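Next up is a structure, given as structure tokens.
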Amino acid sequence: MPPGIQVALPAAVLGAAALLVWFAGAAGLRVGRPLAATSAWIALAALCLLWLPRRGIAELAGPNLIPGARLLFRLDAVSFAFGLCVLVPAALLLTFQRRGWRESGAAALTVAAALLAVLADGILSTSLFWGSAATLLLVQLRADHERATEVFWPALLAGWLALVWAGVALEVTSGTAVYTAVPVTAMTSATFLLIAAAAALGSGLVPWRPWTAEMWDRPRLYGGSLAVAVLFPIGFYLLVRAYAADGGRWPSAWLNVLLGVLGVVIALMSALRAQAAPTRREFLSEGLPGLGGYALLAFAVGTPIGISAGVTTLLVAAGLAALLPLLPEGPESRSAPLLLALVAGAPPAATFAARALVLMAGFEAGEGWGFLAVAAVVAWLLGFAGAARAGHLPARPRGAEAAGSAAGAGLAAVALLAGGALLGQVVSRVSVPATAEVLSGAPGAIGGGGVAVLTTAGGWAAVALGLPLLVLVLLPILVSRRSLPAATADAPEPPLRLPWTGIAAGVGARLSGLSVPEQYRSLVNPRAVEAAMGRGQPLLWAVLLLALAVAVNR
Amino acid sequence: MPWEDLGAHLLALLIYPGGLAALALGLAAEIGAAWALVPERGGLAEAARGTLRALRLQPMNLAPLAAWAWVLALAAASQLAAPFNRVPPAERNSLVAAAALLGATWLAWSWGWGRRAASPPLVLAVQACWLLAVLLPSLGPGNLRPQALGAVVLGGQVPLKLACGVLYLACLPALLMLLPESAPQGPPGAVARPRTPEEAGFGVLRVLLWMPACGLFTSLFFPSADDALGLLRFLVVTAGAAAVAIAVAANLTRRPAGVTRLLYLRLALPFAGFSVLVAALTVVFIH
Amino acid sequence: MLALELVEVVVAWLGAALVVLSDGRRGVALGIALYAAGLASTLLADPLAAAALALAGLVSAGLRLRDGHRGWGTLPPGSTPRLLLCVVSGVLAAYAGASLLEGPGPAPARVAILLGGALGVARLLSTTRREAALAAATLMTLAVGGAEAAIGASQVAATVVLAAAIAAMLLGLLPAAEGEPGGA
Amino acid sequence: MGPELALGFPAAGAVLAAALRRRPALALLCGGLLGVAGALALGLLWLPPAQTSFLGLGLPAAPRALLIFSALALTLVVALAPAGADRVGLLAAGLAGSAGLVAVAAAPDVLAVAVVIALLAAGHAALPGGRPFAVRMRGPGLAVALVLAGVLLQHGGDAPAFARLSALALVLALVAAAGLVPFLPELDPEEPAPASPVAWTGFFGPALAIAMVARIQPTVGPDGAPVYGALLVGLGVLNLAWGTLGAWLAEGDVAAWRYSFLADWGLALVGLGIVVPDGYAAAYLVLASVLLVRFPLYLWARPVLVGRAAGAMGPANVLLAAALAGAAPFAGFSIRLLLLRAATTVYWPLALVLGLGMLVWLAHSLRLARTLGAPRGRAAVGVVLALGFSLLLGVAPALMLALGGL
């Protein structure tokens, strides 16, 4: 057995389950959903058992991808944290969402590919599995419905190409694209921008409505929600590894500022869209992009607290990615306002604690970062308003199937609600070690010893305050016989009208209306040129040969 | 398990400065507000009776939303730099207080959206200004602990603190749901008898909001000390802030409809912009 | 000597020009035969290659006589541009082969090769008649064989010349009638 | 006498298959057996003793590997041809083509290649089709003339201009021989597959190109090398742009398929033009994927293309679309990796241009995949095999490159 083979164990479990599901399904044995779900939970357990007891870094070297570039895997604190980000929502979704046996097998295989993408040690290895996961998801999405794939695929493919280019650029300049082996001088701003573009496109970190939100426009959520859950963390994984590749910093300070501003803009735009959403589903679709903006801001801050906050936010986002598509949409969904407040980040939920930690990182960093943090708080405020309004919106658009699972939503909601109280543990056991992996001479910056999160800017008494709040919030919910107000039929007016509504359509119409003036069309008519070529016009070829002959002898 | 720490936070949540203390101060302020906003109902005693009638609850028919909002109000109170607050200063955080207050308010709105004369856009604008007033003073020191911010009374921070203090006070009436546009459950004294548990619940919420909302003003802009004089100063300033809020609200409710909106959008928002400018200059020139 | 070389080149040019100017089977066949003869005569330094190419030309010409449009069909109405092309190509080929290029092989061979290539491709690009296209392709194949023979440096030049000769004959084997399409 | 056998068996097979046309089963059996024998002879050429040739022929490793892939592609398209296809015709044409390709690969110099091209093109143009013989001969005919011109200029003197013009002529000859822009042949959608320009570009083209490059590149010399590289890259980018945009905007699906071949060829030409090992390896993999994936898929799409079956977009089609779009983990992955690495090594803006081309690429892949309809029976097996080959090229390119001695 090659050394470090255990690194591939969690993915192998999922892959084997996929094959088993398909063979069993072909033989008429419909055990897809339970088998896929069990395999995801086993993979999650395996990952924890492999890392948590000894916390020893394990590496596995595979065959050559292309001459000079090996396939490498590495289990360390970073890949463990991101492995959790992929596996936790995947396990919940595979358990509580209805899927056929074919879809369950494909889903298990997709999760395996996504997991390998964050276990991969090197840009090229990551790009292979990231691209494979995207391809598998495309198949599942198109097999169900084509809506939103027209945004999903171009974004993913563009991001993937940018990543491949970044990888080969590092290969050319330094002879390796392995995160932990790239020389500091090799990671230039241009290469980093390619990685950032890949991350932005792959995780939907764009100011306009990203593919992660478009997925919610599909009539059925099970395909899109898995895509969002497993692909969302991978872009951030690249950004975190970029710190390791460049000796604990990004190539230039202005890149930090650029991505920080982008993060805040994303959070604000997402919140603006959320507060004007016509349906509750559209409000929920902005949950993850908004939190993504916060995570991006945290990673851009670049301090130990910033990166820890970013990793923590992603772990919370993983829980949210599972909760959102599981929220019941039927008439019985009376707990909706409570769950919406949870999504918006009301204390003591993890969604609150993660945001607070990001903002504390911003205030602590000082200089302009504090202003970005203040702007992010405004986005948070808009999110609160949106959540309050969303309780009065129709659950889903006409024609969309009701989704959700009361049990699944309950489990995810309790986990997120309790997450605030457990934040100290999450930060000290997962986020801080991951930060130490990529930042040389990190932390110690976050205190609290697992029961609180204390930074120089401020603190959150996770256990001492979070636990009592949790009990005090849960108690009335459990004992009250009061049913919460149901949604009204028609959507209330949004607090803020989106200024750009209709502009996009107008610009699109104008662009489609553009055409070459009549008198110049003959000059730019590829069909005519092609027809001349096809007929083998001697004159055309003679002119071409003459022109080229002159050109090469100039 | 940090039992001592847990006890301190429970004390702060349920007794002082949250819980009982918040309820006591809140009731007094609520009665005063009801008397000031609806004087035609009669004197203070009538206002007190009316207020207590409006707050009558049925414990087994509690509204979970309102209950969550109360808890958040108490959580905000526990973060105050109030004298004799048992919560360790290092664990108090104005950001937690602000988030809790916003959460509490919007939980009320998730029930009250579209009720009465409530105007979410106005509340949104006011809360944005209020957030700036709370957070801008933290930019320079890079510290969110209320007592640390309150302790800065001299030096380059003063202009910024002045601007933010004024902005904070201007926003209090809307934040405390004293104005018809900001109170889905109706302003103090407006409701004779609650029709639903939520209406009663969110009435109680306002009672609980007085202490954290006004106390946070005191914590952020005035130094605190764990002695009798410090306690007196805290209570006086907090009550003063409440009084200013009531006075502004009383003034605004007597004016024609739409004036409140106009004043906040035409005065508060530009002033918030000015405060941001002052904060930027402070950061550039002082730090 | 110079006169003889001139005659060889003129014969090759005449043959190539006939292929360009004729639409009938006889004209085309005579063109191939004349060109092959002219080309072979410029390559007498390598008798084996010369013989192979001449023989291939004659066989291919003979095969071309079996089908296609009857008669000579030389200089049909509207063939002035073709005539002009032949004259200009002849002059240019003579200039390039004799003055510009220093190799391969002797100048007459170069001119003959250039003539075969240039007029062959010109005919191929300008006709839609199958027999004419086949004849043009034959012309070019013979020219390629001639070029290989003129270079001669390659150890397997003889094989390539032989291959060119066989190719020319095989092209002659192809019928002049278009086949009917069928299947998918 | 390995090369002679590799040439003789398929040639004999083609003759037999054509002769026994009226008895399809027997024709397929004889042709098939001789074809397999030819492929085996090619395979045996890896053993040095089998490489001796009494005609002095030699088969370099890379063209030899592509010839094996061609044989594999031929086996696929004949064995798994859709119902109604003329399998005997396909086999005969394919075997004749294979023999021609072996001859091209074994040709001792570029003039010999020109001779074989003339013969091969005439044979292909003589197949029954929609366009007249003369029209179909124009591209290859021009290629022969250009090779001739190139060789004459090579020996024409020591002036650098001759070397540059020679390189120009030889590169254009390569492009004209493969039937690419700017020598794009006319397309008749109704034309039978074996006679169509798509078959020429997709089946004959790859081995032809690799063999020609193997003969041309060593002869261009230091003065011609820059022209050779720049022109190949330029024409590659032109074909890439023409192919991707054309496949996206084309009105007919047959035209879209033809343009998609052009796009592949664009990448191949760029790879050949960037004269670094990565570029050559990328070109080799692109051409292998054209032979083993795109060309067979095109033939299985014919029933939908000629309107005998309806298009569809099931999961298999989406997977095919991903493979055709060059997404990971299919052939596109390793090709893009190698090509972008080569381009970045030589001149990074070229990588940007290629990246944009690769991005536009995906616009047409779903459209093409739809034309595979709902594969059943033989077609389904074929689709699975094509996807398998694409996967192999994507995740184990080292194996395929080793076959080509790269």
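When the chains are written out, they are named A, B, C and D in that same order, and each has its own residue count from 1.
The definition used in the following text is that a residue touches a chain if its C-beta (ideal position, glycine included) is under 8 Å from a C-beta of that chain, and two chains touch if they have at least 3 such contacts.
Just so it is clear, the model here is predicted, and its values are computed rather than measured.
J.: Taking the mean of all protein CA atoms as the centre, name the chain whose own CA mean is closest to it.
T.: Measuring from the global C-alpha mean, the nearest chain centre belongs to A.
J.: A-D versus A-C: which has more C-beta pairs touching?
T.: More contacting C-beta pairs are found at A-D.
J.: What is the distance in Å between the mean C-alpha positions of subunit A and subunit C?
T.: Taking the mean C-alpha position of each chain, the two centres sit 68 Å apart.
J.: How many angstrom lie between the centres of subunit A and subunit D, each centre taken as the mean Cα position?
T.: The mean C-alpha positions of subunit A and subunit D differ by 40 Å.
J.: Need the CA-centroid distance for the pair subunit C / subunit D, whole Å please.
T.: 30
J.: Would you kindly tell me how far, in whole Å, the mean C-alpha position of subunit D lies from that of subunit B?
T.: 76
J.: For subunit C, write out the residues touching at least two other chains, lowest number first.
T.: Where subunit C meets two or more other chains at a single residue, that happens at 125.
J.: By residue number and range, which residues of subunit B touch two or more other chains?
T.: Subunit B, residues with two or more chain partners: not present.
J.: Any chance you could list the residues of subunit D touching two or more other chains?
T.: 135, 138, 142
J.: Between which chains does touch occur?
T.: Contacting pairs: A-B, A-C, A-D, C-D.
J.: Considering the complex alone, what residue numbers of subunit A touch subunit D?
T.: So the residues of subunit A in touch with subunit D come to 63-67, 69, 102, 124, 127-132, 134-135, 138-140, 142-143, 146, 153-154, 157-158, 160-162, 164-165, 167-169, 171-172, 526, 530, 533-536, 540-541, 544-545, 548-549, 552-553.
J.: Taking the touch rule as given, give the residues of subunit C at its contact with subunit D in the complex, in rising order.
T.: Result: residues 100-104, 110, 113-114, 117-118, 120-121, 124-125, 127-130, 132-134, 136-137, 140-141, 143-145, 147-148, 151, 154-156, 159-160, 163-164, 167, 170-171, 174-175, 178-184 of subunit C touch subunit D.
J.: Can you list the subunit C residues touching subunit A in their complex?
T.: 122, 125-126
J.: For subunit A, which residues are in contact with subunit B within the complex?
T.: 337-338, 340-341, 344-348, 352, 355-356, 359-360, 363-367, 370-371, 373-374, 377-378, 380-382, 384-385, 387-389, 391-392, 451-452, 454, 456-461, 463-465, 467-469, 472-473, 475-477, 479-482, 484-485, 488, 492, 495-496
J.: Per the contact definition, I'd like the list of subunit B residues that touch subunit A in the complex.
T.: Listed in rising order, the residues of subunit B that touch subunit A are 1-2, 5-6, 8-10, 13, 60-65, 67-68, 71-72, 74-75, 78, 87, 90-96, 98-100, 102-103, 105-107, 109-111, 113-114, 120-121, 123-124, 127-128, 131-132, 135-136, 138-139, 142-145, 197-198, 276, 279-280, 283, 287.
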